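Pasting the structures here.
Each of the next two complexes has chain A plus one more chain, namely chain B in the first and chain C in the second.
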Partner chain A sequence: MNELLLGLADDELVIGWRDSEWTGIAPMLEEDVAFSSIAQNEIGHARAVYELLAEDADALAFDRPLDAYRCAPLVELRLLDWAHAIARRWLYEVADEIRIAALMEDDDARVAGLAAKINREEAYHRMHAEMWRERLADTPQFRAAVEDLWPYAAGMLPAKQREALAARAHRSLPSDKLLLGKERGGHTEQLAELWDEMTMVRHSAPAGAQW
Partner chain B sequence: MVTVEQVWDAFGEIPDPEIPVVSLVDLGVIRSVDVENGHVRVEFTPTFLGCPALEVMKRALEEKVAGLGAEPNVQVIQDDSWSTDKITPAGREKLRAAGFAPPAPREAGAPTLVQLRVNVHRCPYCNSTATKLENIFGPTPCRSLRYCESCRQPFEQFKTI
Partner chain C sequence: MSVVWEVFRQDRKGQPFEHAGSIVAPDADFAEAWAREQYGRRGESVALWLVPREQIHTVGDWADEFDLKYRRVDGYSIKARLKEARERAAARAG
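Take a look at the complex of A and B:
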């Protein structure tokens, strides 16, 4: 199994779930729509990548034990305030753009083609994130949220891509101490709760149920 | 024996599940049709990957082929070959007539916020160019929301991808 692609798919699935938590309770109706639409896209990307990796995308998405997930701690966090939700969206999109750009050059034409397709859709997520970043940039809440989440964002990418991320986010690389527990490979406690919720229907349905 | 033309004609009758004024042929999502010994191989390119209508579209293509008495083989091609530039001129006109502003042509590089804010986007109702972006996102992944300051009508704009 391609760990890089599995990490991408798991990130997109989990951030899609987290984004969808704003449906109905975002600070304004436009953002209920935006977060719902972004969530739908991210989960669509996850499905497409799972389909590249396995015959049955649902089985790969939902039937693994928790420690087999490759999502980064950044996407697992349950963030209940708007400044943190926007800070994560922005940091995630900046990091994701670097990763997707690399995959667009992949030797496997199927991977490169799918990455190019995902990239076109992500362009709208980036615009949304950038628009909000500009709007909140001078608020103490947003600055604090970026400060909190920055080590998690760095921990989402392999070490060789972190310099590029730091340059784009106008930050300096976090120390090893700050990165502790925030890098891909480890998981937060919040993932377990999310996973229970995410797999609830799957686990309650009899095997082979048709929808 | 079924012909390629018959298959294309039949596909032209399949409405888009979410915007039924246009057909799957108008949308340009059918990349190729090959017929051999009663087997019809179709290459289908999704619009947005998260579009919930994808499965419905795929099934509709299979049913049309089966309805012609042939064996369908619909391949979903998940690459970058579909863009909103593939929507046919007839499809664009049908969208406009139904109140959906057709997508702007794709430019080099990814679309930007500046383009959405500054480029000319016409109101599908009154044709005015005095329109502004209300929300990048809309009721489905493929649409944005705009507002026309001339006729004071909100409208949906097909995203360029």
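Take a look at the complex of A and C:
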């Protein structure tokens, strides 16, 4: 199994799930629609990547034990305020752009093709995230949120891509001590609760729920 | 300061833009991002026009003090005349 692609798919699934927690309670109606739509897109990307990796995307997405997930701690966090939700969205998109750009150069044409397809949709996500960053950049809440989440964002990418991320986010790389527990490979405690919720239907109807 | 943007959408190329609804947004970037999601994410539009409501010049009052019916289409009873014309044509085709 391609660990890099599995990490991408798990990230997209989990951030899609987390961001959809804002459906119905985002600060404005218009943003509620936009944020939910973006969350849905991310889950769509996850599905496309799972389908590349396995016959049965649902089985891959939901039937693994918790420790087999490859998502980064950044996407697992349950964030309860808007500044943090937007800070994560923005940091995630900046990091994701670097990862997707690398995958677009992949030797496997199917991987490169899918990455390019995902990238075309992510362009709007980046536009959305960037416009929010510009608007909130000077607020203490947003600055504090970026400060909190920055080590997690760095931990989302392999070490060789972190310099590029730091340059784009105009920040310096976090120390090893700050990165502790925030890098891909480890998981936060918050993932377990999310996973229970995420797999609830699957576990109650192992043969597959019909909608 | 947020303003109301009126959103017009076009179904297909060449079709007229029709009013779809409105968006409250602080600037053109937000208006665009939100309008894309609200009026385009299902592939229902090929293009959108976003217009700040205050930029719209509205005309809504009409003076018609002398009942100039002949200017209006409803001044003529097309229906009755159409019926007559059809009957004439039918008689001629006999």
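Throughout what follows, the second predicted complex is superposed on the first by the 206 of 211 C-alpha atoms of A that agree within 3 Å, B and C clash if a C-alpha of one lies under 4 Å from a C-alpha of the other, contacts with A are read in each partner's own complex, and residues count from 1 in each chain.
The rule we apply is simple: contacts are C-beta pairs under 8 Å (C-beta built on N, C-alpha and C of every residue); 3 or more make two chains touch, one makes a residue touch a chain.
These figures come from a predicted structure and were not determined experimentally.
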item	value
Clash or fit, chain B versus chain C on superposed chain A	clash
Chain B versus chain C as contact partner of A:R135, first or second or both or neither	second
Chain B versus chain C as contact partner of A:A116, first or second or both or neither	first
Chain B versus chain C as contact partner of A:H45, first or second or both or neither	first
In the superposition, chain B vs chain C on chain A residues touched	B
First (chain B), second (chain C), both or neither touched by A:G186	neither
Touched partner set for A:V33, first chain B, second chain C, both or neither	both
Chain C-contacting residues of chain A that also contact chain B	30, 33-34, 37-38, 124, 127-128, 131
Touching residues on chain B, where the partner in the complex is chain A	48-52, 78-83, 110-113, 116, 134-141, 145, 159, 161
Chain B contact footprint on chain A (complex, rising order)	30, 33-34, 36-38, 40-45, 47-48, 51-52, 109-110, 113-114, 116-121, 123-124, 126-128, 130-131
Residues of chain C that touch chain A when the two form their complex	23-26, 29-30, 33-34, 36-38, 41
Contact footprint of chain C on chain A as seen in their complex	28-31, 33-34, 37-38, 124, 127-128, 131, 135
